[in-house]
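Note that subunit A is present in both complexes that follow, paired respectively with subunit B and with subunit C.
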Partner chain A sequence: MKIIELSTSKRDLLILVVFSVIVLIAPLWGSLIGAGYPDLLQKFAIFGLFAVGYNILFGLTGYLSFGHAAFLGVGSYVAVWSFKLFTMNALPAIAFSIVFSGIFALAIGFLCLRRTGIYFSILTLAFAQMSYKLAYSVLTPITNGETGLFVLKDDPRVIDGALGIASAENPLASLFGITLNGYEGFYFCAVVLILGFWLSMKIFRSPFGMKLVAIKTNQTRMEYTGFNHRPYLLAAFVISGMYAGLAGALLAVVDPTAGAERMVWTASGEVVLMTILGGLGTMFGPLIGAATIKYMENIFSGINDTLLGTWFDFLPQALTDLLVTIVSPFVGSGWHLTLGLTFMMIMIFLPGGMVEGAQKIKAKFFNKNNTTEKLESEQLEKDGAA
Partner chain B sequence: MEALLLQVLNGLDKGGAYALIALGLTLVFGTLGVVNFAHGALFMLGAFVAVSVEKVLTISSKVRDESITFFEAYKETPYLEIWWGDTGSAIIDWSVPISIIIAIPIMLAVGIAMERGLIKYFYKREHADQILVTFGLAIVIGEIIKANFGANAIPQAAPEIVAGSVDIGAAIGLDGVVYPWWRMIYLAFSLSIIGGVFAFLHMTTFGMVVRAGMHDRETVGLLGINIEKRFTIVFGLAAVVAGLAGVMYTPILPPDYNMGMDFLVLSFLVVVVGGMGSLGGAVAAGFLLGILQSFSSMTAVKEVIPGIDQVIIYLVAVAILLFRPRGLFGKD
Partner chain C sequence: MSNDSKKLTELSRRGFLKSTAAAASVAAAPAMFVSNANAYVNAPKGKSVTLGFNVPQSGAYADEGADELRAYKLAVKHLNGEGDGGLMNTMKPMSLKGNGILGKKVEFATGDTQTKSDAARASAKRMIEKDNAVMISGGSSSGVAIAVQSLCQEAGVIFMAGLTHSNDTTGKDKRKHGFRHFFNTDMSGSALGPVLESEFGKERTAYHLTADYTWGWSQEGSIKNTTEGIGWQTAKAVRTPLGAGDFSQYITPVLNSGADVLVLNHYGKDMVNSLTQAVQFGLRDKNVNGKDFQIVVPLFSRLMAQGAGENIKGIYGTTNWNWSLKDAGSQAFVKSFGAEYGFPPSQAAHTCYVQTLLYANACELAGTFDPCAVIAALEGFKFDGMGNGPTEYRAEDHQCFKDVLVVQGNDNPSSQFDLLNVVQEVPRSQVEYSTTHLGGELGSCNNKA
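Up next is the complex of A and B:
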């Protein structure tokens, strides 16, 4: 028993090290697939983190929330206010965001988790839409309404003022003097992502995570054994809300603005798409899903008819035109169509997402070995019985 | 008093749209047990049937403009006007009502295709899966419309004879209750559609079988009735109701590809407030929330509770879900 435990923790360490290396050399492999610029890599990391956190709720407990974008929005607003009032340093902003979105998630989760299934989904949807509508209308003094919240030169920034740090014309977030934009911004997000991933892995492996999975598998049976699932669900909800707030804060760190459109319910739908596309309830799935969607968003929407024409140029003219006509609705501004179709295909044929797809392919290749093993074990059982 | 009456009227036409969409949602949930997030897209599709009909009717050719004599001027004139003169222009003027007739078979076909092609495979899956796949479908439908009609809202005109307003106040001795004709028509239209659906369910043999199937699907199936086929038709019917609601709503709100999503969320809340699976509840809650929304947008109310007009429907739905989860009219 002891040996198995040791090997699991060693394997986890290995996974974490490999993962960190992959994330940190992202600019290298990113440039191979045409994603080697910091803006996109930042988005990979930020939305990956968002999806990792969302997965702790939806993936482990099976509670489908349609309102997590609200926590992301709160995180962004709080971070920008921290930039405006205290300092352009990113760390306090992140800390404030996590705390505030955690409190917000605690309040909303406490109410929403009184219901299950579709009613829970609708409740989260209603709360998120309320936050969105209020951010646009009456909360304008805090959120700056449709214009969005910006960092200005004349903001008070008391801590920066006390330390004698001068305010720049277009202030950018910093980390003790290092300006966090471009690749510095990406590496900051990458480190936060690795920490977030490590925490999520810890949760997956912990008794707490096991309990969440048990709630998903059979909530009634858990209740019959005298187990109170409410605190665990609420904890999962708050943790995933804090992840969302952290992601929102990082969005504000790499670009110090915040707008209400981050909170609209279809934005919550996007994180659901990411999680499902990659693989619900798996550790890597949400990250893969988030990277895929953000990659598609950037690459697909950049393709236009002229570019398509050059791709199919080697074909006869008539065929080129035909192919361009067929493909063009799916790229450029129509990339959401591709996204929707892909998502539907995944839901219909591959509910486990890309991770399940990879496992299926793997199983196909190693199928032969498995069957022989099975036969052998059956043979052994027979021998034992005899 | 006048202001109150006006707000009630304002709420009723919006409530009519909510009620029609929610009716279809509840019908589908009650019969097939499916949570359909693409139902708003059906409403939007109906609106775009009206847009397409208007486009087809106004296919134009360039004709020499006789009124300008000092140079050769051309103007776009629809073929219908060239061929049939005033009759042709009247047909174009009435494009929205004409769309109703065209929308019925189209929406029925869309609904049945959707049920047979996709929803059928999701009966046995979890509600979360149903929500997600229909959410994907809603995105796809919206994007197809965006690719063909653009992202901007396309205004549609009501027939000229009902384009104006009616002074309702004069009839009952009040001042200044002026209300657009088309909204009155929308209210009457939605009431008659609702009446039609209820009559269909309660006065025909088909409807009786469907209601029996809603109560106990298995027994109805054991009696040798092909309940699945009837439920497919019910899905088509729900699509027609949503589509017609969309067609008639175009003169009130210019349709764009995203309108389905906006109405979907509100209609879901309407269904929840009325009680999942309760048809009468969906209709009552639709009108109720419509009226509540228009009351809360009165200045006097907004002064007391700022921002209430933005969130009233959500607040009511949250309160209902927390304190009376079976809804106002739902049975346990």
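Up next is the complex of A and C:
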């Protein structure tokens, strides 16, 4: 028995190490697919973290929240205000963001979790849209409305002032002297992502995680066994809200601005898409989904006819023109179309998301070692039954 | 047996730790290269130089964005010595040679701003970090333009603003690395004021519908200043969200407000929708306070006029440029744009085309792409033959000063593009303001050397 337990924790350690390596060498594999530049890598890490946190709620409990962008937005605004009022150091900003988005999630979760299913989704959507409208017009003194909040040279920054740190002309977030933009910013986000992933893994494996899965599986039965499900649900909601706030803070760290558009309902929908596209309830799925969507948004939208022409250059002219005509509606401003088609294909053929696709491929090629390479979901079920 | 397997896992774990450390150091290496290898950001190394064109390809300003992109492509063509040369035949003084910029072939990257600051900054960053763009140009929303302008300042590349009309772009939020050829809301106000006074008299009450972001606020303020200066009252100013689509709920209250002029501080599809709905509600047929009800659209463009159709007839506004102008520069541009795409260019296309040429010209003057030298070459640059008459890039705020056109919707259009009549070419002296009027600070140039 003891040996098996040891190997499980070792297995997790192995997963974490492999994951860390993959994340840390992202600039290398990123450059192979044309994504090897800091901004997109930062987005991979940040939205990956957002999706990992979201998955704790949606993946484990099955509660579909349509309002998580609100917490992301709160995180961003709080971080930028911390930059404006206190210091350009990233750590206080992140701490404030997590605390504030947690409180905000507690309030919204307390109200919304009184309902389940579609009613819960609609309630979260309504709260998120309210937050967006507040940020967009009513709270303009705090949020600077549509223009967005910027960090300026002559902001007070009392802590920096007390420490004698001069205000730069274009203030950038820093970590004790290291400026956090470009690759430094990416590595900062990557480390936070790895910590966030580790925490999420711990939650997946913990008794608390089991109870969340129990809520998803059969809430009534859980109540009959004497558990009050509401505190667990609320905790999951607040934790995922804090993850979202952390992601929002990181967005502000790598680029010290915040705008209301981060809170709009389509942004909430995006994280739902990321989670489902990658694989709902799996540990890696949301990360893969987030990277896929951000990749399409940034790379596909930048492909234009001229670039397509150079790709198909080796073909005869008429064929090149034909291919450019066929492909061009799917790239550039048509990247949404490609995303929609990809999403449709995956949902129809791989309802478990891209992770299911990977598992199917694995099962096909490594069928014989199936006993050691257990599917994550199976393991979860097994653990839950034990 | 179990001992062996344990050893194996331990070994592999150690191996993993080692490889992690190695991988981390390898991965950190590019970061060092990026920051120190060049004299300035994205110094072109090969035989080509990349410009980044960041325009809205979706959302309320997508029509303008599409036309801007056409203009950029045309400008790149002309810079590389292809096509008929367009404004390079009429621009003076000019240092361009038709062999690219500084002998390097011009290439370009494009991005979709989605009319959102976040998306615009992300696509601008992609062009700077991945495609090595030395200059970013684009716009259509002042909010986006300001966001991208401050990003370019941080990143150390030049921002040549496309269509952005808010005072703040070269006022409160101006930056050393940002340049604007387009005019602004204060200029619109100063130009429009006398025309409104002579057409509608001194005793009017205005009602504003305003797009709720920096440009809308700016234009509302400028027009209010002007109209209140000639004695008009302001009944109310209502803010509407950008891209609202349906404006009926905002237009109904106008009828009972006692106002006899409606000022629409909208642009793009918003303006098309709000004007169309205002006309459908019968506002223009009404008679309030013994006067005919009037609608004013302070910022006009032909693309919008096309969208609004019949409703645009007789309505006053201002514009940066119109294709019907008869000077040699305008004619040359219309001809070469028309030959390429089959229809005349919009003012958005014009300003973007001109900005690209001005940037290229400044690089030739400076003899380098180094942003600090290019900024110095652009500051105070005086030129002519680009369609707006004699124009100056004022050094103090990086704003172009030139004549402003007051236009009116054409009652009898001779073609589907002949939609605006130029009522007056208001001279530069009438719209110019002091260098300190709009506040803000340029800061200093940042080439990250």
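In the analysis below, the second predicted complex is superposed on the first by the 364 of 386 C-alpha atoms of A that agree within 3 Å, B and C clash if a C-alpha of one lies under 4 Å from a C-alpha of the other, contacts with A are read in each partner's own complex, and residues count from 1 in each chain.
Methods note: a residue touches a chain if its C-beta (ideal position, glycine included) is under 8 Å from a C-beta of that chain, and two chains touch if they have at least 3 such contacts.
Here the structure is a predicted model, which means the values were calculated and not measured.
S.K.: With both complexes overlaid on chain A, does A:L125 touch subunit B (first), subunit C (second), both or neither?
M.R.: First partner only.
S.K.: Kindly classify A:Y183 by the partners it touches after superposition: subunit B alone (first), subunit C alone (second), both, or neither?
M.R.: The second partner, subunit C, only.
S.K.: Counting only touches as set out at the top, which of subunit B and subunit C does A:E261 meet: first, second, both, neither?
M.R.: A:E261: touches subunit C, not subunit B.
S.K.: Tell me which partner A:P329 touches in the superposition: subunit B (first), subunit C (second), both or neither.
M.R.: first
S.K.: After superposition on the shared chain, which partner residues are touched by A:P38: those of subunit B (first), subunit C (second), both, or neither?
M.R.: second
S.K.: Once the structures are superposed on A, label A:S137 by its partner contacts, choosing first (subunit B), second (subunit C), both or neither.
M.R.: In the superposition, A:S137 contacts both subunit B and subunit C.
S.K.: Is A:P27 touching the first partner subunit B, the second partner subunit C, both, or neither of them?
M.R.: A:P27: touches subunit C, not subunit B.
S.K.: Let me test your reading of the model: by the given contact rule, A:V272 touches which partner, first (subunit B), second (subunit C), both or neither?
M.R.: Touch status of A:V272: first partner only.
S.K.: On the superposed three-chain arrangement, identify whether subunit B or subunit C touches more subunit A residues.
M.R.: C
S.K.: Common interface residues of subunit A with subunit B and subunit C?
M.R.: Subunit A residues touching both partners: 136-137, 333, 336.
S.K.: Per the contact definition, I'd like the list of subunit A residues that touch subunit C in the complex.
M.R.: Residues of subunit A touching subunit C: 3, 10, 13-14, 17-18, 20-21, 24-28, 34, 36-40, 43, 136-137, 145-148, 150, 153, 169-170, 172, 181-184, 187, 255, 257, 259, 261-262, 297-299, 301-302, 304, 306, 332-333, 335-336.
S.K.: Which of the residues in subunit C come into contact with subunit A in the complex?
M.R.: Subunit C reaches subunit A through residues 2, 9, 13, 16-17, 19-20, 23-24, 26-28, 30-31, 34-35, 57-58, 62, 73, 108-112, 116-119, 121-123, 125-127, 129-131, 143, 146-147, 150-151, 153-154, 212-214, 239, 241-242, 443-444, 446.
S.K.: Quick one: in the complex, what on subunit A touches subunit B?
M.R.: Interface residues on subunit A, with respect to subunit B: 62, 64, 111, 114-115, 117-119, 121-123, 125-127, 129-130, 133-134, 136-139, 265-266, 269, 272-273, 276, 329, 333-334, 336-337, 339-341, 343-344, 347-348, 351.
S.K.: In the complex, go through subunit B and note every residue touching subunit A.
M.R.: Counting only subunit B, the residues touching subunit A are 35, 118, 121, 127-129, 131-133, 135-140, 142-144, 146-147, 261, 265, 268-269, 272, 306-307, 310-311, 314-315, 317-318, 321-322, 325.
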